[in-house]
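In what follows, structures are represented as structure tokens.
Each of the two complexes below includes subunit A, the first together with subunit B, the second together with subunit C.
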Partner chain A sequence: MKKSWIIGLNTFKESLRKKTLYILLVVALIVIGASKAFSFLTAEEELKMIKDVSFSSIEFFGALIAIFMSLTAISGEIEKRTIYTLFSKPITRQNFFMGKFIGIVLILLLNFFLMSLFFIGLLIFKKSPPDIQVAKTLLLIFIELILIGAITLTVATFASDAFNIIFSFFLYIVGHLISYGNQLVDRTENFVLKGLGKILFTIIPNYENFNIRDKVVVGIEVSRNYIFKTSVYWFLYLVVILLIGSYFIQKREV
Partner chain B sequence: MSIIEVKELTKYYYIGRNKKIVGLENVSFNVEEGEIYGILGPNGSGKTTCLKLMLGILYPTSGEINILGKDQFNPEMKKNVGFLPENPYYYDYLTGPELLKFYGRLFDLPEKIINERIEKLLYLVKLHEAKKLPLRSYSKGMLERIGVAASLINDPKILILDEPTTGLDPIGCMETRDLLLQLKKEGKTILLSSHFLSEVEKVCDRIAIFHRGYLLATGGLKELIDRYNADGLEDLFVKTIEEFDKKGEK
Partner chain C sequence: MKKNWVKLFIAIILLFPIGFLQVSIDYSKKVEDLESNILLMPGQIAGSLVLSGFKGLAADLLWLNIENYWHSGQHYKMLPLLDAIAWLQPTYIVVWAVGGWHMAYNIFANVRSGKEKLISQIEKMIEEIENKNNKDLAIKIKNEIDTLIEGISREYPKTEEKIKDYVRIVENCRNRLEGMREYKKLYETLNSFVNIPEEMLFWYNSGVSFLKRGITYNRDRYDLYFELGWTYYHKGRDYPNAVRYLEKAIKFPHPDYVDDVLAHAYEKNGQIDLAIKQWEKLIGTSFETIAKRAIQTLKSGGRFTP
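Take a look at the complex of A and B:
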């Protein structure tokens, strides 16, 4: 674990040098800041608007950061050939993979912290300090971002960057449309399609599980039980994904 | 006593389902403790593939590698091995000391020891004055030298160097040669890959000649020269390769 942590810190430092990160962060902060522009609305509506836009921006730009940073975390080491020196050291390939994962989590944490801080600052400025529901929403967004990053990182252990970017975005979109997909599957009468659909929508991560912002914005309380169940779902999914990544990095020729 | 044993090592690279390229074919050799063993061969002869296989960077198609009594993937074995890749590529945003610290930590070395070794190694490779510069501003020769320092951060028993003088000027080459001989005196075993014959001739106790993935000859330099009735290393090199190519044509 110590060696993974050392590699993770180095990955974090390396990610900090990527321009994409800053561009996405700045655009996210501009969008969050722009939500305050709806001053023609009533105070309550404006607050809803700030929350809605901010939650969506933190999630969407966070997802872009998770995908872009994870995409090149492994292929970058192979292309620059730094992986040769690294693999000659007394580390396992699992140390390397977990180190990359830790680095991605750290970079997501930093970006998430900055975006959330800006959003909370806006709420305080509007004299509506964040409550526990806001905290729950942010927590679920953050763990969703970790999962998105872990999936992209895992796919990077066996696929090309080009495939990975298409796959990760496809999964991000489909993962948010699973409830619609399930409705379609329920309506179909073809057994084969129904079976395949059920399997597919069970395997694909249900990112909508992490989306409670629509409820929180309109003041509907989300129970602790729901947060707990979603966290368990996240944890199990994450463990499986990381195990798959560890398996493929072990097999990979560099 | 053999410190490195390579037995019937084969590596094929597959292109598609049917086409395979030979990286190494049935290669066997031993490296004795305390010697400098040179792997010679033209470009694409399998030298780097062999070293990468020995360090567990690549997977062999078949064969066995035994280093210090352990297989090539064993992290405990790697604690005693230093590696300098060909044209070393490092994290260019780090400074020399930061790079050495990063690698030192991967060896589980105490911070105090790492810091002491960094100081010593930077003087050894004459980079102490470039301490604060990021690696992206290093010249090719400086990168090669920081690579040598990085390969020594764990004070290894075995040093594996892939083309250590590539990109160095004549003085740099001479200094590297002297360093290798000094390290040998300190009891280190060195495995050196190179296509610079003069360099190998001056430092190596025994050599291996690789060509197209095959090990053509291995042994002491004098022994091989006598065996092939050659007039020096260059002649030996040309003769073994030509002989192999002629057999291939037949």
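Take a look at the complex of A and C:
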């Protein structure tokens, strides 16, 4: 674990040198800050707009950061041939993979922290300090971002960057549409199609589970029980993804 | 290598509890109203695909357009946008409340405001008619519709039965108008004038229907029951329906003014005992002074609500 942690810290430091990260972060902060421009609306409407824009920006730009940072985490090491130096040391492929994952989580944590801090500052400025519902929403966004990063990292263990980027974005969109897909599957009378649909929608991560922001901004309260269940779902899914990644990194020829 | 296969095997096995957990999460979503609502129209699927997790943001952008239309007086243009926002975020109470209010109050008043211009035109045209019978008929129709418009705008109750009566008056005027086809311009202007009360009632009913549609998505909150109850009470003077919806509103956590309006509605609906009981509930709240006065007046047989 110590070896993974060291690789993780190095990945984190290396990511900090990438310009993409800062560009995305600055754009996200500008968009969140721009939500203050809705001051001509009533207080209630303005607050809703600020929350909507901020939650969406944190998620969207967070997802971009998760995908772009995970995308090159493994292939970058192979391209620069630093992976050979690493593997010549007493470091297993599992250490390497887990280290990369830790690095991605750290970089996501830093970005998420900065964006959230800016958003919370904006709420305090508007005399509406964040409540527990805002905290729950942010928590679910953060764990969703970790999952997106983990999936991109896992795909990077066996696929090219081009495929990975298309796949990750596709999965991001499809993962948000599963509830609609499920509704269609439920209406299907064909038993085989129904079964296949259900299996497919179990395998694909249901990102919509983490999307409570549309409800929270209009005042619907989300229970702790829901947060707990979704967190367990996230944890199990993350374990599955990391196991698959760990399997493929072992098989990968470098 | 054998050990490596175990990882894949465990990953596959773990998909089973994930599947069961998803069922449980879906159930929680249903119970807690966290579901992404079902698509209603085939054309709306495309919108969902594009927006995926960002419906709230899209609703906000449309809301900004509504603000523009509102401030530039383009009320009719707001309607499709209100529908779109309601579809994107059906639990956004403000959209239903504002939409219902626009239809039942603002557009209703906007339609009525066209009256003055038409009246002055009609009066000029009537002066030019030489045939006394036709002149009297035109004046009569103009006066009847004018009275109806004013009545609908103010004290006339808009219960289902009464609305039928008003529509009957309009139809009657329209039929009588047929005898005036020879005065083409006057006939057309009077026709536009006759349409006003019907259009006003249409927008009142549209506002009520919009609020009712909002309630179907927000059954467990007082807000839209109150908005509908208030519209029936204040705009519609339809007290039985006002009482019906305000009674539903107070079943959920609500501010004191909801009880206050219900007390007034009971009195207007002739349910004095219930009105007194309702006022008694308001003792100990910020409405205490008014409540005490109301109880005293009602118990002495007087009328408290003007």
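The definition used in the following text is that the second predicted complex is superposed on the first by the 254 of 254 C-alpha atoms of A that agree within 3 Å, B and C clash if a C-alpha of one lies under 4 Å from a C-alpha of the other, contacts with A are read in each partner's own complex, and residues count from 1 in each chain.
Simple rule for what comes next: contacts are C-beta pairs under 8 Å (C-beta built on N, C-alpha and C of every residue); 3 or more make two chains touch, one makes a residue touch a chain.
Model, not experiment: these values are computed from the prediction.
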Joint occupancy of subunit A by subunit B and subunit C, clash or fit: fit
After the two structures are overlaid on chain A, angle v-u-w for subunit B, subunit A, subunit C in degrees (C-alpha centres, nearest 10): 170
First, second, both or neither for A:Y226, with subunit B first and subunit C second: second
Per-residue touch tally on subunit A - higher for subunit B or for subunit C: C
Which superposed partner A:Y207 touches (first subunit B, second subunit C, both, neither): second
Touching partner for A:S246 - first (subunit B), second (subunit C), both, neither: second
Smallest separation in angstrom, by C-alpha atoms, between subunit B and subunit C in the superposition: 12
Contacts on subunit A seen with subunit B and repeated with subunit C across the two complexes: none
Touch list for subunit A against partner subunit C, complex: 38, 40-41, 44-45, 48-49, 52-53, 55-56, 59-60, 172-173, 176-177, 179-180, 182-183, 198, 201-203, 206-209, 211-215, 217-223, 225-226, 229-230, 232-233, 236-237, 239-240, 243-244, 246-247, 250-251
Contacting residues of subunit C [partner subunit A, same complex]: 4-5, 7-8, 10-11, 14-15, 17-19, 21-22, 24-26, 28-29, 32-36, 38-39, 45, 48-49, 52-57, 59-60, 63-64, 67, 89, 91-94
Complex interface listing, subunit B residues touching subunit A: 52, 55-59, 75-76, 78-79, 81, 83, 85, 87-91, 93-94, 102-103, 105-108, 150, 160
Complex contacts: residues of subunit A adjacent to subunit B: 2-3, 6-7, 10, 13-14, 17, 80-92, 253-254
